[in-house]
């Protein structure tokens, strides 16, 4: 049971990277304390790295009707359905931190239908799961149900688009056998 | 059976768009003869528009071991599995054009396992479908099988990453109920 | 990418066929302009040929509450679910011709739930898909829902029986790897 | 728990039937001792009745490499997968009678993979189940595997075509909620 | 088609068994007339034998709102979904005997949704099937629906727990390839 | 997001329990430091409590070829497939403790096919998952594959029986909406 590599594909040295990517990675390291492996894995393809993180920032840091914790709930629930270890563990950490609920990530990952969330959040996750697994069935009735829970159409786009982005991200993580940093497994488990 | 709207979400006027996006769209219009609806649909969210098309260009126009027709085969086969009308119809058109095989798109969309393609292309599509539907099962044996067909590891990344990008794209098209332009349905059907 | 054979099984010469079958085939050729491959494939087994086309005529040319285009919608939607290339392509052509809607066949084949059809037609296709995939769950409530859309019980038999006949037909086409004639791919795509 | 009707649709009186159908039914009654409900159910639609039983006779009474018991095995295994009560019970009776194995029908219906059958019969049922559930995946390798078990190509057609016919028959029985005659449940259970 | 062994694992001689287990088996033989193979198969592991039959007695012979026939319906329906020959055949016999309905077991096993049972029993089986296949989705609404049919919460526990016990039992029977005694196939088929 | 109850069903007071059950629970509390909620949930039905824990002890504390960590791997992998929060979290804790691998439980729960385990353990989990989801397909070839990895037939029984017991346990936990004690979420996450 030796150490697993970060990725099935080559992981570049920081010194070999284009300046903008190296600086972005060093910035993350400074704020987080370590470099999440997703940055090193995607750095193998600088153009895809730039597009992926631009997309990520556009959706995950955007203002709107979804809280940070709710965005992470969407990621955790749909990534669990896709059996994506990297995303379940790393975004599980973010969910614990943003929600300040240390048990919530495991609850959402294993069975979100029984997690202690609001009816609004349940409707949000039901729709995210529909987009994750059967997006072609998304109907006007589904939109109406979300509106009844107070979601605007822009919020609905966000729910669907975050799910869509992690449909991509989960597949890249599974393709590359990307490993979560050990730090993520324990972050936010003990309330401070 | 009235005309269907392009998208469930607002579609901006060209004049209301940021300059870079408007110019990109006008460029496409000039080269293609019309504006594919995917540009208008994504323009509702300029940051996501930029990230999406940057990702698209990085993968679909990249040099490498996959031909243009082979990249389109991946899109058509996996988009059909996701029941994404926009991508099946528009990329079906591109597949007909790049392959110069007017029947191939319908064959790949309906049942790629019986399409008249090479063993190498069959292996490529089998792997793409695995990433599309069960990416967590992608194993070292699957990589080895692709290498035996002559694919490099960079080609394997391309196969997986194109599939991952259209996992996103299919979900966005289904979320927005994006309609293919009528032009796509007939492009490339008659050999020239 | 050489020419694919019509069928995995022997295809008889017209001169070797029983008179009634040869005459039926020549009649089709005269009216259609070519001999659809389904006639040549089934001609390998004259008794089954006769039974199949008798069944086909009984259901597809019968008077009743379903229009010709609606019957073809049922065939296209359920054949797509069964990944039957021959039926999707050839009956897609008939659907375009009968409906005079050149885009409708691809819309119904890829995702009938978002095709521009009436509520009545949507209910018809929902029931056809239930019979195609989970016929044992067809309940009295399903019958009632169809009656509310104006279908008579004889219409419901027709919907179910057309679906059942193409459950057979799709499996025979997939068994024999039956190829659609090239003509079908383009028929009805340009409104006249 | 009252008596269930034979069919959801009208069941004609013998006296109201076309002569050929009435005579066929009386013939069956004379040889079998009762009228199986499938005859009465299909008699609601004389043209479909004639086509169905012509198809049935063409496949089930045809000479060839499959024994009568083997044909019934195909029907029982695939009808169980389709949850078709009429076909499981009535053809289970025929399987018991033709095989002289009173336990075999229940074994094949519940889990044919552990039934006490030969390797050749197991290969036959594996292929029948493939045609029943995923016919589009039937490949040249599947044909080769059957040939290695001694099946001719005509036998393979028979296996596939019997499965295809009961794909139709199961759906008609489920559509009509057709009830098996009580006699079928016990026929052949006690070896004579 | 030789005789199949009772179990893939060793079946102990009665004389080699612990006294309590031998006496329990002899008691069953005296009351039933034969020793059901489940006793001999589990006797290979005396501690598991004792736990299994203690659990079985606690649920199947307990007083409560479910009749004996209803408990057997649960076993037959869920065991059929699990393709467990032993349980379908042996508990099918018990269902025929307790219900005095000689056709009911085959009806419930093949398609319980069309079996001639009460609405209450249908709701009971729907819930049992949910627990059998997707227990994580069991919701408060499902409990409410059962209460509306007159089930107490203790009855709901019984429905779920019987299903859970046979989830275990079906897997053990399939693991061991346990064969039903021939007697079970015919018991209760002829009303007395 | 209030505190969730331990169980949907009544949870008895320790003082109201039969002596043997109360003593067993107090013993667990003394050794573990808290009372796992599974004891309190099952205590609602003393006979089932006794049978369940007798079965559990017979399989989980039995000598044999499987290590304690391997038994917990089986529980975690199959319970994740069944979306059983209680078992994933509580047995995840035990897996971390017995394996001394603080990341292993999340890896096995999310995607055991990429967890850092031995080939032997992978074969063990593949078989456990087969029993969990499609036990009727367990074949002699599957047994042979396990023997080639060094498993005895008694080990194979253990793998299958542990899976079968947790098929029951997962369904009871989902039926009762049983909540894991908060302690389990963090146990064994920091190597000592």
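For reference, chains read A, B, C, D, E and F in written order, and residue numbers begin at 1 within each chain.
To be clear about the criterion, contacts are C-beta pairs under 8 Å (C-beta built on N, C-alpha and C of every residue); 3 or more make two chains touch, one makes a residue touch a chain.
Just so we're clear, the structure is a prediction, and the values are computed from it rather than from any experiment.
S.K.: Tell me which chains count as touching both chain D and chain F.
M.R.: Under the touch definition, chain D and chain F have B, E as mutual neighbours.
S.K.: So if I look at the partners of chain A and the partners of chain C, which chains show up in both lists?
M.R.: Looking at chain C and chain A together, the chains touching each of them are B, E.
S.K.: Compute the rotation angle for the C-alpha superposition of chain A onto chain B, expressed as a multiple of 5 degrees.
M.R.: Value: 180 degrees, nearest 5.
S.K.: Among the chains, which one keeps its Cα centre farthest from the Cα centre of chain B?
M.R.: E
S.K.: Go ahead and note the Å separation of the Cα centroids belonging to chain D and chain E.
M.R.: Inter-chain centre distance comes to 29 Å.
S.K.: Please report how many Å separate the Cα centroid of chain C from that of chain F, as a whole number.
M.R.: 51
S.K.: In angstrom, rounded to a whole number, how far apart do the mean CA points of chain B and chain F lie?
M.R.: 44
S.K.: Roughly how far is chain C from chain D, centre to centre by C-alpha average, rounded to an integer in Å?
M.R.: Their C-alpha centroids are separated by 24 Å.
S.K.: What are the residue numbers in chain C that touch two or more other chains?
M.R.: Within chain C, residues 83-84, 111, 114, 136, 174, 177 contact more than one other chain.
S.K.: Could you pull out which chain B residues touch chain D in their complex?
M.R.: Going by the criterion above, the answer is residues 111, 113-114.
S.K.: For the complex, give me every residue of chain D touching chain B.
M.R.: 136-137, 139
S.K.: Per the contact definition, I'd like the list of chain D residues that touch chain C in the complex.
M.R.: For chain D paired with chain C, touching residues are 8-9, 44-45, 47-48, 50-52, 54-55, 57-59, 62, 82-84, 131-132, 135-136, 138, 140, 143, 153, 156-157, 160-161, 163-165, 167-172, 174-177.
S.K.: Where on chain D is chain E touching in the complex?
M.R.: On the chain D side, the touching residues are 1-2, 4, 80, 83-85, 88-89, 101-103, 106-107, 109-111, 114, 116-118, 174, 177, 182, 185-186, 189-190.
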